[in-house]
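Both complexes below contain subunit A, partnered by subunit B and then by subunit C.
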Partner chain A sequence: MSGPRYERTRRQDQHLIGFECQACGWVSFPEEKRTCKRCGDAPAEMTEVQLQERGEIQTFVVQQYLPDDIETPQPVAIVDLPQAGEGEPARAYGLLTETDLEEIDVGTEVVARFRELFSDGERPINSFKFSVPREEKA
Partner chain B sequence: MTDPHVVGAGMIDFGELYEQSFDDLLESAYLSLIENVDKGVDPSDIDAAWYGTIDIANEGSSGSAVAHATGLFETPITRVENACATGSDAFRNAAQAVKAGDAEVALVIGAEKMTDSTEGLIASAALERLWRGRGVTMPAYFGMRATRHLEEYETTREQIAEISVKNHENGTKYPHAHQQFECSVEDVKESPTVSYPLNLYDCCPVTDGASAVLVTSEDRAREFTDDPIRVAGYGLASDTFQRGAPEALTNFPATRQASSQAYERAGLGPEDVDVAEVHDCFSITELITYEDLGFCEEGKGGQFVEEGRPHLDGDKPVNPSGGLLSKGHPIGATGVAQIAEIFEQLRGEAGAVQVDEPEVGLQHNIGIGRNATGAVSCVNVLERP
Partner chain C sequence: MVVIDGHGGYVPLYRVDRSEVAAQHGGRGRGESAVPARDENHVTMACEAADNALARSGVEGGNLGAVVTASVSDPFAEHGIAAHVAARLGATGGVRTTDLRGSRCAATDALATAQEFVAANDAPVLVVGVDVLPADPESDEVAEAGAGAGAVVLRPEADSPAAEFAGVGQETTGFVEHHRRHGEAGETGDAKFESRHGVGEAAPAATERALDGATPAKAVAAAPSDRLAGAALGGVDVEQVSTRDRVGDAGAAAAVLDLAHLLETTEAGETALVVAYGAGGAGAVALETAEGVGTADAKSVATYLDASEETTYAKHLEYREPVEYEGVKTP
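For the complex of A and B:
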């Protein structure tokens, strides 16, 4: 699998940029949208917002069975990424990396780390994974 | 406008049916239906059909597959795909057409050939799409609700496991169920971890299956049986945790919406439901569904099962058939089979898993799609007329 799909949201993927609905405050990430998934406003007025690199785990699992090319155990979380300014966070899936399983819980603070996520067959696809901030590690 | 009625149901034994092709499954379910209509049905009476499958076997199984399996080549046949709500949505479409008077005798047939798939759901869940849950398999998707439910409420691991224990016990009494064994709470807790916090016995098996039902108008129902079952209501809705609602981390707002649509159409509420077949693809899914259907308060699903209320002898029996956990989950067939089971229950024909004289039955599916970011739920309510 390769090609243009990774170019479409490349700026958002690499710079954590979201889009806030001016009618209800919902934040789209990473897609730049013209309709709102929460209030249904269409066309919606969406304003670009910067997301923070520090987020919070809302829930998670630890994957034991995955295709051979994905390392296990693989913790995967739903992470809230707050805006740099005022407003609601964006909510997205995040893979965890460089983190002990014992460090992960609902509410754990995580920081975005720019990593190669996988290869599209020709070149690496880079975006963010998440880990527990280093200074909080014992 | 007329009230649609279910007048017949057919079901095959679910399992790893290596000797049967996808077409064989469809043919068997269709013949089972034809042979089980009380007063008989002439295939030429069938004037429309809806076919539920997600075609996981990748056979290009459009509506014409049903024509090939049944001989109904001149009849309009529509394939429906709506994730794990595929079979129930096929039924809903048929009920709508009959209600509108456009179809008079509608076939609903669902089938899935799960064991021919070489990649399966695990590989398909690992699609390389950024922020769309690369590595979020089905057990991971539902397991995330378990993690959060355990954290947020007084839910215990044992309560979640008890659902699997209950459904496997029911399944041993239900002739069409795939996995015919009993297990204990300890067995569930000690089975291998699939996706923490869910273990192997928290997961439904990989199963082939097919089922079919016949839906007709109130006027024509008694041509086929003296004991028809009325379709009282139905609902369908989608949701995603990406909308940011806190309840979407522990529960399924799509189920709440679909069930409130169905209750409203039926003029009934959760307190009126006497028996339910719900989507227990994983143990936690059923626990959440008790809450989303209004069988208990939010956060009290664990207590609900610990008190024995959804058990076969409880006041709100859920999944007397053994559910997906025991019976299996051939995706397109699942919802149609649940309708067949509710039909049997309301007619008092459910044998060893018959509950005490139910008047109202509910069928529910919750499915996920769009690389594990979307949820879709379908709910159908049936009633003795």
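For the complex of A and C:
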């Protein structure tokens, strides 16, 4: 498993696994919180839940001024990813890739894509970004 | 019996029109070549193809017995692809992972290795071919440098497989004309000499062993050039299925990507042939297609070919460079 030393064993970097607070139902992704961000339960009892790969943009911002090595404009979105089963969606933060600005709005369906997030030296670190579904480009 | 139960491909979104490359560089200018996005690499592309193949099979990633990858362009000497694909799919623990490389025959070697593993262990195996060929502006091959991935799931049996293995052939000659160092463009030699002593000696022998008298209706071929791919099928009267005009040179991955495309577009009950010619010889696999062919349950190669965006020659070169900084500061 590739990844930076400090979080190489985090399964949720490569799998759409969320953590559901058993006190209030709030779902954390990708972090597994020790204190529930919504109800404050501590130490929170978090249960792993499987997330779907398709979700909906809740809001987004477009970054225009970034270091030279990053292509701009770079949209960043808050995406609600439903659970595979019952329960609340996870609210995920992620970069958008392969997506033009005119293709996105609040409510746009996006799909989680396994992509190179950054590199640790020469080593690629892969995790999730979001994009509009590929078939919509046809 | 070993069957293919699940097939899928992946082609990056971006394409460079080869005529744009020819306008700046000279050389051939027909067709287009796939350009990986800056945040794509061998592992991410392999996972996309694997996801499609697994979606069409009845196999969960965690139930795979082995993951075998084939690539002639893995940039790492030590890092690998197969174990990372396996981990992403949840295939960890007692799972065999194998990275095959060094020749385009890696594709047929991967299929043969997987077939033997399935037969010996009665467990499903994922085969993935993935390549991103380097684009060197000093090379005549710059316009054709492509990228893509293909995947198939092999099982001992399935309710509705896409194909059944009918034969595997190999011809090791040790002959090498086209060769390439890591990250550099390939070097080709005398085309006539290679046609006669390279592909001309290796491919027919491997094909004959795989077919064992059968007559194929369709075939795919991976080779260092379009001409050599055609020559690899030279002795067989067969319809060639190829994405090369839309994808470019996809290395060893071309054999598996084109096989996925073939299985998506062919009819059941046909003999299909996979040939890979490269450094050291040739490999061939004969298949009998079955009712599981088609495009159900996953994105098709045709969808990837149609859903594309044109990019520039500059991006064609730039996007193949390693990402040094992408959103988060590196330690």
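The rule is simple: the second predicted complex is superposed on the first by the 127 of 138 C-alpha atoms of A that agree within 3 Å, B and C clash if a C-alpha of one lies under 4 Å from a C-alpha of the other, contacts with A are read in each partner's own complex, and residues count from 1 in each chain.
Note that in this section contacts are C-beta pairs under 8 Å (C-beta built on N, C-alpha and C of every residue); 3 or more make two chains touch, one makes a residue touch a chain.
This is a predicted model, so every value here is computed, not measured.
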item: Subunit B versus subunit C as contact partner of A:F118, first or second or both or neither; value: both
item: Subunit B versus subunit C as contact partner of A:K129, first or second or both or neither; value: second
item: Partner chain(s) touched by A:W26 [first = subunit B, second = subunit C, both, neither]; value: first
item: Which of subunit B and subunit C A:R34 touches, first, second, both or neither; value: neither
item: Which of subunit B and subunit C A:H15 touches, first, second, both or neither; value: second
item: Touching partner for A:T97 - first (subunit B), second (subunit C), both, neither; value: second
item: Partner chain(s) touched by A:R54 [first = subunit B, second = subunit C, both, neither]; value: neither
item: Residues of subunit A at both interfaces, subunit B in one complex, subunit C in the other; value: 1, 67, 70, 74, 95, 117-118, 120
item: Subunit B-touching residues of subunit A, taken from the complex the two chains share; value: 1, 5-6, 9, 13, 26-27, 29-30, 37-38, 58-67, 70, 73-74, 76, 78, 88-89, 91-93, 95, 105-106, 117-118, 120, 125, 127
item: Of subunit C, residues touching subunit A in the complex; value: 13, 37-41, 43-44, 47-48, 79, 83-84, 87-88, 90, 299, 303-304, 306-309, 322-331
item: Residues on subunit B engaged by subunit A in the complex (per definition of touch); value: 122-123, 126-137, 139-140, 143-145, 147-148, 151-152, 192-198, 240-244, 249, 372-373
item: Residues on subunit A engaged by subunit C in the complex (per definition of touch); value: 1-2, 4, 14-15, 67, 69-71, 74, 95, 97-98, 113-124, 126, 129, 134-138
